[in-house]
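Below: one structure, written as structure tokens.
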Amino acid sequence: MSTSSHSGGLLERMRGGELLKAAGAHNGLTAVLAARSGFDAVWAGGLEISASHAIPDADILGVGGTVSSLDSIISACNLPVIVDCDAGYGSAMNALFMAKRYFGLGAAALCLEDKRFPKINSFALAEQTLEDVATFCGKLRAVCSVRTSADQFVIARTEALIAGSNVSDALRRAEQYEKAGADAILVHDKTQGGERILDFASRWAGSVPLVVVPTTFYDISAADLHDAGFALVIYANQGMRAQVRAVQETYERILADGRSSRLENEIATVQELFDIQGLPAFQVASADFVL
Amino acid sequence: MSTSSHSGGLLERMRGGELLKAAGAHNGLTAVLAARSGFDAVWAGGLEISASHAIPDADILGVGGTVSSLDSIISACNLPVIVDCDAGYGSAMNALFMAKRYFGLGAAALCLEDKRFPKINSFALAEQTLEDVATFCGKLRAVCSVRTSADQFVIARTEALIAGSNVSDALRRAEQYEKAGADAILVHDKTQGGERILDFASRWAGSVPLVVVPTTFYDISAADLHDAGFALVIYANQGMRAQVRAVQETYERILADGRSSRLENEIATVQELFDIQGLPAFQVASADFVL
Amino acid sequence: MSTSSHSGGLLERMRGGELLKAAGAHNGLTAVLAARSGFDAVWAGGLEISASHAIPDADILGVGGTVSSLDSIISACNLPVIVDCDAGYGSAMNALFMAKRYFGLGAAALCLEDKRFPKINSFALAEQTLEDVATFCGKLRAVCSVRTSADQFVIARTEALIAGSNVSDALRRAEQYEKAGADAILVHDKTQGGERILDFASRWAGSVPLVVVPTTFYDISAADLHDAGFALVIYANQGMRAQVRAVQETYERILADGRSSRLENEIATVQELFDIQGLPAFQVASADFVL
Amino acid sequence: MSTSSHSGGLLERMRGGELLKAAGAHNGLTAVLAARSGFDAVWAGGLEISASHAIPDADILGVGGTVSSLDSIISACNLPVIVDCDAGYGSAMNALFMAKRYFGLGAAALCLEDKRFPKINSFALAEQTLEDVATFCGKLRAVCSVRTSADQFVIARTEALIAGSNVSDALRRAEQYEKAGADAILVHDKTQGGERILDFASRWAGSVPLVVVPTTFYDISAADLHDAGFALVIYANQGMRAQVRAVQETYERILADGRSSRLENEIATVQELFDIQGLPAFQVASADFVL
């Protein structure tokens, strides 16, 4: 089995009080764009990856439907990659084998959430069911048991607020998750104000760092989230949402105009694609090796 | 082996004088966007697919590195999918096995180009080497031998103009390719005016339809290309180029602003992602089947 | 999506009173060996496929870990392929997407069992938990809804006897499964005598054909099983068990002897491998197409 | 990217004068059988892997068609895995990307042969064409440039004797390959006596260890090959050839007898399959983690 060395000290930096930011990616291209923009890590998110296949974000893809996306992401950039593992694809044993595979691919961190398998996306208008704390802690311990270096870590994500519970319950869960071995806690919410997230952070008495995904409470800045106690802020889906709008408008304008001429100054050049693909380095190597 | 029924009469429509338009896609998401915009077909292009993995467009991926992208595209939309097969990944026998695999996945059409394996992208500043006509015709016959229904077809693409040859040579090649069984001819060029493409079409005496990819000669409209004799116009990479610019700007603005609030009105909503993923239909089916 | 046409009338033959036999396979090679021996169908079994990867038969592989094996099997032989779908990898929605994928690959039949996800192999010394009948019928209806031709069918497998229940319960379950749309019923057991299987068949009042896997009750002949009312007998794992013993002995003898000379007359020749690989046809095609 | 640590000092042991033996494998199961028998390494051979898919051994599978087999092998056992890379799947750049992928998966060693792409199996009755020495050395340097630890190495395989050339030419080639960076030399032949192989070894003046595959000259023992100067002896295909014969006979006897009863004492038990799959360890872990 291969061993990973991909974290680049991310967990240490989170512990050290730095404000870190991650951006979503679902393939090598978007991972490169995240890296070039200056983010500290890539979030290989289930919503982006399932959406890239036009498949619902509802535990359909599984490990085998996710690994090719992860391989594309991890191979393409030098940022540490945090993998959204949903509910671990079944029981603790499914989660265990998943963790071996994902850490084996070079993931820096795995993020496991406390929803019951099969999960559905947290923003969907659907019933959201939490896993029992003890069962989830078993899953967490299984995933933690697979870490093979100090540079791999596990984030426990509580969906308590998503599932209709309150901050106190989210805190109780998070405490148990830290005891079970989690290296960091992600507390998720989908209200617009973000008050409960801030309340959670202010009341957090644990010693592991906190992670947040401000999809709906986008008015709160990363600096404010950092001041509130969060070490890592994940912008999980804005890149893909921008892509959807841009491709839609491009395709509609081509059909409306009957040509792409008016777009040419607004879109990347083919040469920019080549740069993302590493064509210059490829050509240098070709000159060395192809005779 | 599974059999494909994906063309939806595309070749018949090309023969019937209709103006048809295809848009590039590299995964299910972009295929859905092409379909929703009103294009007639999807172009599963090598540049987009390799760029999506941040790998050079230089025959690195092969069949095995391409099938997961094709599967994502073909499963996601009801449009006929035309697969860019580069130079067939080696000899005629490599092309034969490739064709079985791609038609087996449900491809409507395969497009094989007359560059020597391993090819490099036509827009790259690199030497472009043409395959011998007889060798290429052997490849073409191999690929054509795999068509299992009248609804599957093969496009021969000549890179003569890309490789420094002239229109007369491109025409001579295209004639041979039609004789070898090609159902359509794609003539490629990378000059800005597109004069040679128009010249080619005006002198084309064959009976199979013509295809064109107006990446560099974007000022010529699809209607004008149709009047000149082209049946199918492929907008191969504008969608991805728009995506790159949009994701770059989004990621830069998030880092500059420290939050995504100013973007929210410019990007697709999470609900729009859900729609592309087919979440509404998923929830209807769930209500029927999950007890 | 591609459409399958792989059954070759298997279900019709089962209904017609013929005795049919299937053999296990986990890759193209073993599928070719099954076909050459004269079996009527291939059983793409979870035990063989998971064992081929040295992974426990406990719902670890999922759809994504199974499709490459299925593709290898389905592409290699002209026999109808019956896919062991375990418990459908989760809920009815997981089963639905699984069914689309497997039928899309060209499977003739899917076999869904009424154990709770994640299952463990029926022969394992472990607790075996049955799914609620209503929940399982929802899964069955989901899988049946994906059949796109009269030549694709669904087998419902009851593990009632495996899980400690009795023949009456197995019959009650089977009746419900037929009502939910199952085209055939597989009743499984692991006692050595096979009396309960025979009892089941004698009391079966449904109209769909019966299927049996005589792994432990190997003394009962296929003809006797047919007389008892079974239409299809599946030899699910004997091929792989023979392979394991043969490879073990071969490797041990090579190490003991320090060479393979004494084995040469007992093992297939390299030429026989070539024949299974289709090398002769490959060379004929090469002569036609490679110039 | 993940980093490999899989060689277990294999190259050091080869340099140290030990006699080492490798056995062929094409999946996790056969890799486990090789490891349990006491071999020192696994040979992930192109013949076995292509035969497992019933596809000709003629550069059809490529990287993408090989990685799932490699992943199964590498994940299943603790032996160092030597990957048969054929001719590198094209140019030096194809070989370079292949090497990144295979070392990234955890391969201990890559073996690159000096036939021209697309190759055909060395034992096939077909024309065997050698690559130019300089071109091949470019490929070798490309592959060697990807080694990321002292524990990864590259074997250059000369097919000079296979392609009708003589021992002197094979030696000249091998010298150049050592200069280009090869860590070991494999000299291949398909005569029955093996005299030329022995002659090669006696005249070898290089400093890197020698490797041999005694498929046709099976009368020469590993000890004699070691005395002649070979450090590593690879039994590349005997396991699969034994498997083919065993599965054939098993399937024929089941059909002839109408049942498997007479086989039961000759084939592995289901429990032996479970052991290979790691079911006992799985059950221990389940007891710990599944609540």
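Couple of notes before you dig in:
Which chain is which? They are A, B, C and D, in the order written, and residues in each are numbered from 1.
Note that a contact is a pair of C-beta atoms (placed from the backbone, for glycine too) under 8 Å apart; a residue touches a chain by one contact, two chains touch by 3 or more.
A quick note: this is a predicted structure, and the numbers were derived from the prediction, not measured.
Set against one another, A-D and B-D show the most C-beta pairs in contact at A-D. The distance from the centre of chain B to the centre of chain D, each centre being the mean of the chain's C-alpha atoms, comes to 38 Å. Counting only residues that touch two or more partner chains, chain D has 55, 58, 75, 91, 93, 282. Taken as a contact graph, the chains are fully connected, with every chain touching every other chain.
The touching residues of chain D, counted against chain C in their complex, run 21, 23, 27-34, 36-39, 47, 50-58, 68, 72, 75-77, 121, 123-124, 126, 214-215, 218-223, 235, 237-252, 254-255, 257-261, 263-264, 266-270, 272-274, 276-279, 282-283.
For chain B in complex with chain D, the touching residues are 55, 58-67, 89-91, 93-94, 97, 117-118. Of all the residues in chain B, the ones that touch chain C in their complex are 1-6, 74-75, 91-93, 96, 100, 104-106, 132, 134-135, 137-139, 141-142, 145, 282, 285-286, 288-291.
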